[in-house]
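Here the structure is laid out as structure tokens; the discussion comes afterwards.
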Amino acid sequence: MRPIISVLSALVLVVLAVVPFAAPWLQFVLTLAMANGMVALGVAILLRAGLISIGHAMFFAIGAYCIAFLSRLGINEFLVLLVLGTMGSAIAGLIVGAFVVRYRAIFFAMLNLAISMVVYSLIAKMYSVTGGTDGMALSTPTFLWIPLEKPGFDHVLYYFSVALMIVMGYLVHRYWKSPLGYALSAIEGNELRLEYLGVSARSVLLAAYVVSAALSGCGGVIAGSAIGHVLPDFGYWVTSAQFVLIAVLGGIGGAAGPFIGSFFLELLHSASVNLTDAWNLITGVALIVVIVFLPSGLYGLIRKRRRSAS
Amino acid sequence: MLGLIIPLLVDSLTSAALIFFVAVGLTLVFSVLRVLNVAHGSFYSIGAYVAASLCLWVISAGLSPWLTFVALLASAVILAALLGPLVQSTLIQWTLGKSEAVQILATFGLFLILEDLQRIVFGVSSIAEDTPMTLLGVTSIGSVTYLNYQILLIVAAIVVVFGLRMMLVKTRIGKLLSAVVFDREMALSVGINTKRLFTFAFTLGVFLAALGGALAVPTSGAAPGLGAETIVLAFAVAAIGGLGQIEGAALAAVIVGLARVVAIYFAPQLEAVAPYIVMLVVLLIRPYGLFGNDQARRI
Amino acid sequence: MSHPLLEAKDLRIAFYGVTAVDGITFQINEGEFVAIIGPNGSGKTTFLNLCSGYLKPDSGEVCLDGTSITAMAPRSIAHRGIARAFQIPQLFLDQTVLDNLLIAMAAKQGIWSWFENLGAGRRREEAMDLLALVGLQDQAGQFADALPEGKRKLLDIVLALALKPRLILLDEPTSGVSSIERFALMETLMRALRQAKVTALFVEHDMEVVQRYSDRVAVWDAGRVLVQGPPSEVFNNAEVLHKVVGV
């Protein structure tokens, strides 16, 4: 990682460690920011191949609703919920991915959007199963099978998310530097040449898609656990837009970027929630501003200028 | 059974007509500019709100209720004139030639902006305004009753299909558009003023979307969230027909309209997802739509 | 009696009503350097496309080592040992020259590794050796889109070589390369190919290169093989001289 990003990341981690003591009112916001960052990291993985998914909120929602259903079934241990919720999203990612990886560019983007809208409307309409627009409540999970009150659980969730964020960031970073990661970006570079080298672009993409769905599901589990309630809005296109913005904003920062972008945006959101509710307008303008004025900074979107692997 | 078929058909074609207006605009803009405008659905929903507001104003100003028809058309024209050239010459023109990712993000950003602008200007409540529909009344054939307004919609859609094809084949600007669609590089090198053509095509697209929204007002009003629903539906229809294919969009609209109405009659919970099931099935068999083709790379 | 390495049997393909390849039956034996010459539009590149899986023939068969590869996708054919270099170089323009080659080598050695670095192990050294073979070692750190046309050609060929193929298909390998460097390139290339026991089929327009470096020449005309044989024979053939060389 570039030095400035490393320094920034280290700073952020130090701040994160002390927040529950120094600024406890920020803990909830930051937990959500980390959850969002995980989804944005998933979006960023696909961005690497030049593909934009504007429907990734569906996997965020699937992860959240998975644990809501499991909780209703009596499964109450957070770690179990996390694993199962992530797996649920990964499986959904496999199913959706098998279809969408045949497409590129706008078709890919729109198919993701369309499928996410279908998922959203199914969740919102099936009142008897999903609680419809009321959503589903989650009882506070146990951690390592130790029962906790909500405030205590929230502390644990916060620190666990920090740890998870670091691990995820590191693993994705290795992924991007590996042959598979380079094959992923080669899909945007010259898919024809890649095929002639004997590599199946679809398989490489599908693997990336499943990983990105799993990350998004993980984010959904954490967000759902933090809020204590899951809603269809988790899967709405507006939510997908936020993830895209975060991924694009954090573009220059490699695997740490989406998290940094997410913190920035979440704090901005909290600060301005009393001033305006035109959040879509701001997101839209921000997106356009970023792609117009930061062309060489945007990772892999306009011109790729990455350092050599060697 | 016959008593079921005619209403089914009329309802399907009506639904198809409304979808067609917005899908054909999307596909037309794509074929000429090679940009899929994610914000296209917003033109439909803003068109609906403008039309509904204008109709309400006509009624409240005590003017003849028949002027609401004019209001519907006028709102589409006004919106197209205001937004078309503006959006095209600023945002869209800038994205041409840039990577596809940039185009997607730019139009997606525009979509977000328009959604909030709509909410700020028109609020979060729905508007119902069905004067044009009630004015035209109903027709009964035997035991079957349908709204004359539905027939108007179907006729309008047919007029648009033929009108567009006539324009592309017979008029000068249409032929220029066809040239750009067929071989863009050649058209550029021959000196065709693509910027003006693009503005024309884009504005026409906005007009068609806004018209669709306006014409839908008497039957379904204007409501928030319409923009997002519409763009994914328009995309599904355009994709089924083949991106860039006008007649394809017409056929796809009929198929989707039929699917939706059949769902409403027999399995109402599936109405919202029916178009996407159709899209999935079609794309699995023909990945680029019924009449679409892959822009294949040549080595 | 062993199979020829590559065999085309009665290949036929037409585009928009124009026959591009008209019933070609052609063989390449292991270890041969075969050149294909002929006027533009005679179907030479189309033939390469048919052999590498880019196109499916309307009728006929392509066999590698006796097994039919006609219906296979390009990547399966690549796995079976046919590598392709293109007329317009197909590179990863947004990567460095070295990374281009590393990706190709990783593709050969196993792309499904996600934890180790792209240039791990001996791969980086081997890549530099390969670049040195064609004189690209000094450009290793440059981005591929900054390379001039001739060097892009070289990189394209090297990417194909990274697959350690049994047969390499070269589409006008010396076009875009200056005439001074042309022979040096072909010398190095041919020596490397012979050493690695790679069979080569190349489309060429430079007759001197063809004369010097091919074991057999096939003259293409309007989708058919007009004449084939050793260069000395073919270049003394009056019809060839008239149709192709333009004498």
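Here the chain labels run A, B and C in written order, and each chain numbers its own residues starting at 1.
Criterion: a contact is a pair of C-beta atoms (placed from the backbone, for glycine too) under 8 Å apart; a residue touches a chain by one contact, two chains touch by 3 or more.
Model, not experiment: these values are computed from the prediction.
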For chain B and chain C, chains touching each = A
Key: Distance-maximising chain from chain A - centres being C-alpha averages   = C
Ask   = What chain is most central when centres are computed from CA atoms?
value = A
Message = With centres defined as the mean C-alpha position, give me the chain B-chain C separation in Å.
response = 49
Inquiry  = Based only on mean CA positions, could you tell me how far chain A sits from chain B in angstrom?
reply    = 33
Task = Between chain A and chain C, tell me the centre distance in angstrom, where each centre is the average of that chain's C-alpha atoms.
result = 44
Message = Quick check: what residues of chain A touch more than one other chain, meaning two or more?
response = 192
Query = Which residues belonging to chain B are in contact with no fewer than two other chains?
reply = 299
Query = Counting only residues that touch at least 2 other chains, which ones in chain C make the list?
reply = 90
Remark   = In the complex, chain A touches chain C at residues 174-175, 177-183, 185-186, 188-190, 192-200, 204, 303-306, 308-310
Chain A contact footprint on chain C (complex, rising order) = 52, 73-76, 78-79, 83-84, 90-96, 98-99, 102-104, 106-108, 110-119, 124, 141, 143, 159, 162-163
Query = Along chain B, where are the residues that touch chain A in the complex?
reply = 36, 38, 91, 94, 98-106, 108-117, 119-120, 228-229, 231-232, 235-236, 239, 243, 269, 272-273, 276, 279-280, 283-284, 287, 297, 299
Request  = Note which residues of chain A are touching chain B in the complex, please.
outcome  = 47, 50-52, 54, 99, 102-107, 109-111, 113-115, 117-118, 121-122, 125-126, 192, 237-238, 241, 244, 248, 278-281, 283-288, 291-292, 301-302
